[in-house]
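Report on the structure given below.
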Amino acid sequence: MSELPWIVWVVLTPLAGALLAFLWPAQGVRVALLAGLGTGVAVLGLSLQLAQLGAQRYAVGAWDPPLGISLYADGLTAVMLLMTLLVFAPTLVYARAYFKQTAHLFWSLGLFLWAALNALFLSGDVFNLYVTLELLGLSAVALTALGGQSQALVAAYRYLLASLLGSLSYLLGVGLLYAEYATLDLQTLGQVIGLDPASAVALALMATGMLLKTALFPLHFWLPPAHASAAAPVSALLSGLVVKGSLYLLLRLWLEFFPETTVPASSLILGLLGAGAVVWGSWQAIRARRLKFLVAYSTVAQLGYPFLAFPLLAAGWDALAALVYFMLSHAAAKAAMFLAAGSVLRAFGQDRLAELHGLLRVLPLSVAAFILAGISLIGLPPSGGFVAKWLLLEAAFATGQWGWALVTLLGTLLAAGYVFRILTRALEDTTLSDRPSPVPRSMELTALLLAVASLLLGLVALPVLGLLEVGR
Amino acid sequence: MTEALLLLTPGLPLLLALAMVFPGWRAAVVWLAPWAVLPALGLLVLGDLELKLPWLLLGSHFGSDALSRGLLLLSAPLWLLASIYAQSYLAHDPHKHRFFAFFLLAAAGNLGALVAQDAVSFYLFFALMSFAAYALVIHDGRAASLFAGRVYIVLVLVGETFLLGGLLLWASLVGGLEMARVLHPQDWQGQLALVLLFLGFGVKAGVLGLHVWLPLAHPAAPTPASAVLSGAMIKLGVLGWLRFLPPGLDWGPVLIALGLTAAFYGVAAGLLQHNPKTLLAYSSISQMGLITLGVGLGLAVPELWPAAVSAVLFLVLHHGWAKGALFLSTGLKPGPSWAVKALLVLPALSLAAAPLTSGSLAKTQLDALAQTTPWAEPLGLLLSLSSVATTLLMVRFLALVWPQPEAKSARSAGLLVGWLGLVSGSVALAWWPQPAIFLAPEKILAAAWPVLLGTALAWGAYRLGLSKALRLPGWLAPSVPRPGQRVLSRLENHLAALLKATQSLKQTGFDRLAKPPPPPKILPIGWVMVGVLFLGLLLLQVLVLLL
Amino acid sequence: MNEGGLVLLAILLTSLVPGLVIFFLAEASVLLRTVINLAGAVLKLLLVLWTMHQVGQGVIYELRWPFLPGLDLVLRADHLAVFFGLLSAGLWLLTTLYAVGYLEGSPNRSRFFGFFSLCVFSTTGIAFAGNLHTFFIFYELLTITTYPLVVHRGTAAAFQAGRIYLAYTLGGGAVLLLGVVWLSVLAGPVDFTQVGILEAVYTQQPSTLVLVFALLVAGLGVKAALFLLHSWLPIAMVAPAPVSALLHAVAVVKAGAFGVVRVVYDVYGVGLLARLELDLPLALWAAMTILYGSLMALRQDDLKRRLAYSTVSQISYIVLGVALLGPLGTVGGLAHLVHQGLMKITMFMCAGIFSEVHNVKKVSQMAGMGRRMPWTMAAFSLTALGMIGLPPLVGFYSKWYLALGALESPYPAFALVLLASSLLNAAYFLPILYAAWFVAPSAELPRASRPGQETSWMLLLPPMVTSLLVLGMGLLAASPFSPLVWAIRFAQGEHGP
């Protein structure tokens, strides 16, 4: 069991599924669910393997780096893979009810996206990272366009341009680094890199590209329309996972190049931008008129939190744990919210907040999902968001930088502001304006499942953080 | 077994009052009401008793000692007779049941306080009596009664607050709740405790300055309630003094001065009244002044404290019986029967300390005390003068009561029984414990001249038509509602100002958060803007990394 | 997991499980819902009583769940925990009964009772929390679970109140979180059993400890409705009467006060606070709240608002007692924790009956209420007199011990605050009693003389029971069953006999 190369299957299974689903669209649903099952087994297998044996390196085709492609998995990778699995599995089930007959492409594109994400998390060199990043971006744009309406197409186009700009910026940085150090392997680079002008420009290019792709304030402009106009399961994947891909990449670079290249000021910039994101995104979410925009702006805000942890990373493990836990809990909670928002759209035909009369009566389970996921977003105990905030605050106090703690708390209050807007709407006891369309139970349940998961993440912090420590 | 009587003394009236809750039992309760004091009467014939109930309140301690029994000798029969009187007096009152419920509650409080030997129980019964009496004051619901009730309750609250503050300080200084402990003040805290206790009980005892409720409440309350109010309830204040003030406290002169002033002020104010019950209330202020004087004398001469206590006790008894009888007489509406009129004079004479009455006995004891002080001469003269003044007041009272022509359509036996009981009690007091007739002749003579002088003065004033001309300037003649009104309205004004000041604090800044924010405007971000931002950020990163 | 841990878990589950189950019940299944609710409540009460018995025997139950590295979630049944736990379990049972009667026939009952149970789940969690962050977790849970109850009526005013409630309580929660995290960074996990743990910090950074204390108290002070942080409380009284009753007596405000108690005794410790000289500021703040709340109560014509301001004032009695740092103040404050709960829950339930049966919501409409509904009014009057602090009702003992505590402390002047507040209490409660008992009703309404006639027994029974407790616990204050004796026992443990 522990001898199997799970690390390869983690990428190959969804990739094969994507190809099959593309070639055999009529059976797309079944293929996707089977591939999802397989990927899940592979991810769990890999995680167990990691927990038992420590970090894994695998050279594809037995070519050693710097020549061949190497896959690398440590605790951070495993947590990311599990996060992807956590979001993907319910989303596929949800999509089965959501898409009915249309959108065959979703299955292949979705699985392709999964493969790209997993590959991104497992890539051990900077060029492979670029390739997977590009694949991830393209499949995400394609999925966004799947919605088909003009709105979605415009948003997808904008998304495409932003995504390309980010990737190219990153590629430029990779080129500079290669010219300088003649290696692409992350760990090798980490050992040799210094702070000469060329490296500095390269690092800045790579980082800024990732910031754009992660939609960090003030480069977030593309995100709300794209996430809000995509189909619900797509939105869940985009908000829950895709932005985490580039964030993960940035974190990897940061960790690998850490002692040599980090200067306090650059982490300070990230922290400040994160703070800006928290405040601005939350404020926009509070002002949003449409449910999906509210949720999308909430993503902008929530993506600020991990960046608050960057200035604290130097202090030690707590900050990294906080950062990862933010990603994790946000992935589950945000996916739950978008899925629930999809149910709302299905039921009411629109999602203007002012017109969602009788929400609780029509969709009690979705409202429950909203509330539970919202609790995690606000960071109230015992949710995953709370654990993340707790760790972040601890790190902030331990290093004496309690300014970040204040931003976190401000974000908590603002998040409560927009989450409770939904709850208030739900509790209003007005009569229904018109007959809502029926919503399949599986759609509501999957959203609720994710929301409960985001809540329970707070109670399983110890094993998750234990896994995160593998290979550090 | 007899210890149970201690518990029943307040317990029986309390149970009867609670039984009023059940409509079917109400008539029976009214019928039984006078006999609620039977346990208290039982205590009178028994010796010292003690009962400790550590599980009750903060550990209750009941006991009957000489002081308890002394006051029970007044209170128990007074409540009994007043109840009998009330049964007739309120026979046709629509709120009869309510009256008796609170009457019994007040009785329970009064009697309970007499046998309470720990501070908490004592305070409990004291408060029970005070608050229950409120319902008696406002019983008839007239505007004047309601106003009197307001003044009364405000003063009760002020008094309770003083009392509670005093008891708290007292308890923290003596380190326990047993009232047998004596607080000898060492520092300002001890002094403050005693001042608070004095004032707290002073409200009840109608000490000068805190007396304003008396002339309002007495005429407002139904007659039997006035009788117990003046006869028994205000005496609880005196009991408080006797229980808590330590002998040897250096307040003697202050209390003496306070008491004498009250004695004459009460008469002066009373003379100006037209309502006999108001007049009697002022007379009570005056008589309570004499009692204050007695307490002051006891404090001034510590070695005579026991004698002072017994003198004060006797004064209390004498005043209670006589004043109770006088109050009940105002409700009699006597017909032309000369016997009634003749009997009416007896308690009045007693109050005026005429020879062969309990009043003269009390005065003699007081005078004996006064003789031991450095101020023997002036005090003796002033005491005699107070008798002259009281005589004047009593003549005025008789003049007010005498001519009432309308007789109650059906004279009820209950009224007469109650009244006659009190009159005979008042008379009997002159023969017990020491018959007044065995006083030395010169003492009898000394008691006689003030009464004669007072009568003569009254007759002269009547001849001169002064009684009709008794219209003094407003500040001197506190016609009924004035004193209370002033205090009350000033209090209310202060409160209103305070409230106004708090209004501005009401809304704190957070409330504004409650408003939902305005809807967003769609922010158009052009591509140029995006490029600028992107490149700017890039440049910033480079610069930061290099510098 | 040991047997004691199971008991503690069961105490929590007896309200969590009914809460979750009730959400999924159909609106119409009244009987099933009521049975589940009451069964949970009775079971919880029995379990808490059992735990209390064990604590009396010296057995301390504990349950640990690893939460973060070096940070456990701890439930522990110590003296204070069962003290507060019994209060919430007992009053929950009564309030549930009352709520069933109160909401008869109104919509959204499954939702209501679901959140109602969750609210009590959180409160019980607060009671049995064994360290500061476990306390915080339940404290925040309470915030969320109460919100749907506050806005239950679904009117614009209710939502407005809900927004204000959230803004305040979440803000307070955030500040509290700041304090809790800071403290655990300074001193590690702050278990309530390790009072001396901050001594080491004290020698190095005393001023930080002061700041953290300020954060903790400000965070808790929002729920405890301390002056300037109190505005949400009178506004939140738009909630249905059973919610207000629970909110004011056991759940939200009491959680804040209980938190202050925990912080003072089990986190900082009395000695440390005295050395940091934090007792006087806290006591001053409490005193100001006491007077302010009473003054504001005086101005209100709306009955529930008057009661709400009265709560503002009364809760600070607890804070004051704790801030005095002496054994007698401790007794008074802790006893008031229970006493105030009993009294205020009675008053709110009665106020609910007045508005439900006769649509009387204002003090000025109370004329003749004593004749219309004598039993309800009797319960109300008894507790009002208790609030004023008349013996033998429980309020007297709170006041007595608090004032004695003030007198034995370095600041005897606080006794004056208590006396003044009693006077103000009298000034705003006595007119109600006067109007109800002595003024004739304006319109002739059916008079009721037997309990069944004035309203349904489900509404009437709970306030009757609590008001009798107000009387009984006062009469038997020195007996082993009274909360006062438990408070004395705790104070002896804390300060030495």
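For clarity, chains are labelled A, B and C in written order, and residue numbers in each chain start from 1.
Please note the rule applied: a contact is a pair of C-beta atoms (placed from the backbone, for glycine too) under 8 Å apart; a residue touches a chain by one contact, two chains touch by 3 or more.
Not measured: the values here are computed from a predicted model.
Taken as a contact graph, with one node per protein chain and an edge wherever two chains touch, the assembly is complete, since every chain touches every other chain. With centres taken as mean C-alpha coordinates, the chain found closest to the middle of all protein C-alpha atoms is C. Look at where the CA atoms of subunit A average out and do the same for subunit B: the two points lie 79 Å apart.
Note on chain placement: the centre of subunit A and the centre of subunit C lie 43 Å apart, centres being C-alpha means.
Centre-to-centre spacing of subunit B and subunit C amounts to 38 Å, using the average Cα coordinate of each chain. Of all residues in subunit C, those that touch two or more other chains are 163, 167, 171. Taken residue by residue, subunit A touches two or more other chains at no position, since every residue touches fewer. Residues of subunit B in contact with two or more other chains: 516. Contacts from subunit B toward subunit C in the complex involve residues 21, 23, 54-59, 120, 123-124, 127, 131, 135, 138, 141, 153, 157-158, 161, 164-165, 168-169, 171-172, 189, 495, 498-499, 502-503, 505-508, 510-511, 513-514, 516. In the complex of the two chains, the subunit C residues touching subunit A come out as 23, 65-69, 107-108, 111, 133, 136-138, 140-141, 143-144, 147-148, 151-154, 159, 162-163, 166-167, 170-171, 173-175, 177-178, 181-182, 184-186.
For subunit A in complex with subunit B, the residues that touch the partner chain are 162, 165, 169, 195, 197, 200-201, 203-205, 207-208, 211-212, 218-219, 221, 261, 263, 265-266, 269, 283-284, 286-289, 421.
The touching residues of subunit B, when paired with subunit A in their complex, are 516-520, 523, 525, 530, 533-534, 537-542, 544-547.
Here subunit C touches subunit B in the complex through residues 160, 163-164, 167-168, 171, 228, 231-232, 292, 295-296, 298-299, 378, 385, 389-392, 396-397, 399-400, 403-404, 407-408, 412, 415-416, 419-420, 422-423, 426-427, 430, 437-438, 449, 474-479, going by the rule given at the top.
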